[in-house]
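Below is a structure I'd like to ask you about.
Labels run A, B and C following the written order; every chain starts at residue 1.
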């Protein structure tokens, strides 16, 4: 469904060039939960930004349903690590912006937004301002916002990275529940191996910067719901960890 | 595949960097053209008498006036550098006095609750009174000499300095204070070694603000109660109907204000050399 | 009756507590005593605190310089408000345009940077030469002092909008107008209000200067009038008035800001 073909990205500046991505080609299947795993600063966020249309690749193409895309596309929505929730809008007003900017009528977009606010478990918080919401709740607003825009693909850039460990475990369960209820294609970026193995149908492991695909793991054999301590889970986790070669700078 | 990418990357690099340069040049040239156009229109408007010279004088005439004023005492009885010195003297005197008294006061008020508690009410009463409002009382008590004008500048700078110093030391990172306490430092040692350095950035921000307002105040004070100084010079230009003198004075004041702020910034960059360049 | 103990006083002895409560009062009393002794010494015509207080009360009945006190206060406030409203209505969109559009910025920012270091009061002789000593030139001078911080702060507000706000807008399909009104404007409200607050503080000063230099009514005029008529009590009353109304305005403004921005945390 989404074909990424030989995408590379270098950031040019007077003070020197930074190679973020060397050469990545990926095929994303419909409705799969794809996890991109890599160490910090390896370029995976840049890669996601390229798919989202926020950054232009230095070379390579991206095709959605056979047609090349450039720039932002209403079929692709994103959940940001810093949530990016607008402080001056209520939860409801934040969630509906995808539809609002596309000109959908108020009544209709409110209904849809309400549906997804309920889905992420924020029923009753429609009129709350972000300063009154916890980190996890703000991120759920971000997820509802992405779903409300009715995309084919949901990009998630380390969405649980800023949360404490326990909230993070809870949110991992939440995102799986939401995904099962409303199946979409999700491309999820993380640096946490357990998170990757818990969530992904497939895990693509990136090298350090400049990013290349190191290995692709097919986790379809692991049945859901996944236990984080089953022998199979631990074996795969071990295998991935062994393949991580991190040089401490 | 490797070879291809090298070439693509090199091409993309030159293209991107060229595009950025083009943008920078475009906007810079717009700015330059606008400024030159304004000066040109101004000059021509006066030259071809589209505006009366009673109200306007050309840029060239103004610059000539500045140069002339360096050696001529007309019409107000003073040379340019005498006026500059008279104004600058008062500004720096009042400013430094405010710094010398205000910074320690702000530091003590911010660190020691008792100090804050005792001084605060009186300070809050004095605070909203603009410095120029003190002129009648100051004239009564001190006449219209350099001391009087310095005191007026002082009142303005003092409030801003104390407030910024107070805010600066109050926002000292609690973690740093805790570190000092666990190392056995006394309250006073923590105050000197941690509180004061933490407050430095805000102190300098306050000094820059008060320097800016000092120049504004001195101009007004000189117009009201002085016989020399740049404010007085501009006022004389008005009285004698010499527009070029007024404009010359405005430009000189602007430049001096700019230089003074720059000096404070310079001191700041030396004192605060641990700060990352923004 | 349950007495709430002040946590700040817990670790301190009785001497500390004494100064904690008596200290501020003692300081103010000392100040008043100093004032009184200078005026009683009679070497200069300084009115005593009591005389000042008395005048402050009586001045509200009857006329000062041909108008009731309330008229003077009203005129001063009107001048500041006119300059402020004009500056907000023109300056905020101007500053936002400067931040939003690079061409606009390239055209106007250099002009601003040239005018900015000039203290607003320096324009008095020029404006009085051009427009005469009338209400228009007075308000124009105050506007020079109020306009600058408002434009500059609005501009800063726009260029300091965090990148992520733009990224979110782009991904979800915001067009330029959406971006400007829905994202940039609310993000920069903080800075805009800070600019108005700064302008207000400076504006009173410029008001005072322009009134002191050539007006026949207003608080600034009264302060100078007191000086030239050897009626220092009037000057002191003027000082107190302007301090009071300045603080009042600042309070009112904070209130306005909180009312317009319900999303700010307490």
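One rule holds in what follows: a residue touches a chain if its C-beta (ideal position, glycine included) is under 8 Å from a C-beta of that chain, and two chains touch if they have at least 3 such contacts.
Note that the coordinates shown come from a computational prediction; the quantities given were computed from them, not determined experimentally.
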Contact graph of the chains (line, ring, star, complete, other): complete
Chain-chain pair with the highest tally of contacting C-beta pairs: B-C
Centroid spacing, where centroids are CA-atom means, of subunit B and subunit C in whole angstrom: 18
Distance from subunit B to subunit A - Cα centre to Cα centre, in angstrom: 49
Per-residue multi-chain contacts in subunit C, two or more chains: none
In the complex, subunit C residues that touch subunit A: 164-165, 167-175, 178, 182-183, 186-187, 189, 261-265
Complex contact set, residues of subunit A against subunit C: 52-54, 72, 74, 76-78, 80, 82, 84, 86-89, 97-98, 100-102, 129-132, 145, 149
For the subunit B and subunit A complex, residues of the former touching the latter: 1, 5, 8-9, 12-13, 16-17
Complex interface listing, subunit C residues touching subunit B: 8, 16, 19-20, 23-24, 26-28, 31, 38, 44-46, 102-103, 105-111, 114-115, 117-126, 128-130, 145, 202, 204-206, 208-209, 212-213, 220, 223-224, 226-227, 232, 235-236, 238-240, 242-244, 246-247, 250
Residue ranges of subunit B in contact with subunit C within the complex: 27-28, 30-31, 34-35, 38, 54-55, 113-114, 117-122, 125, 127-137, 139-141, 213, 215-217, 219-220, 223-224, 231, 234-235, 237-238, 241, 243, 246-247, 249-250, 253-255, 257-258, 261
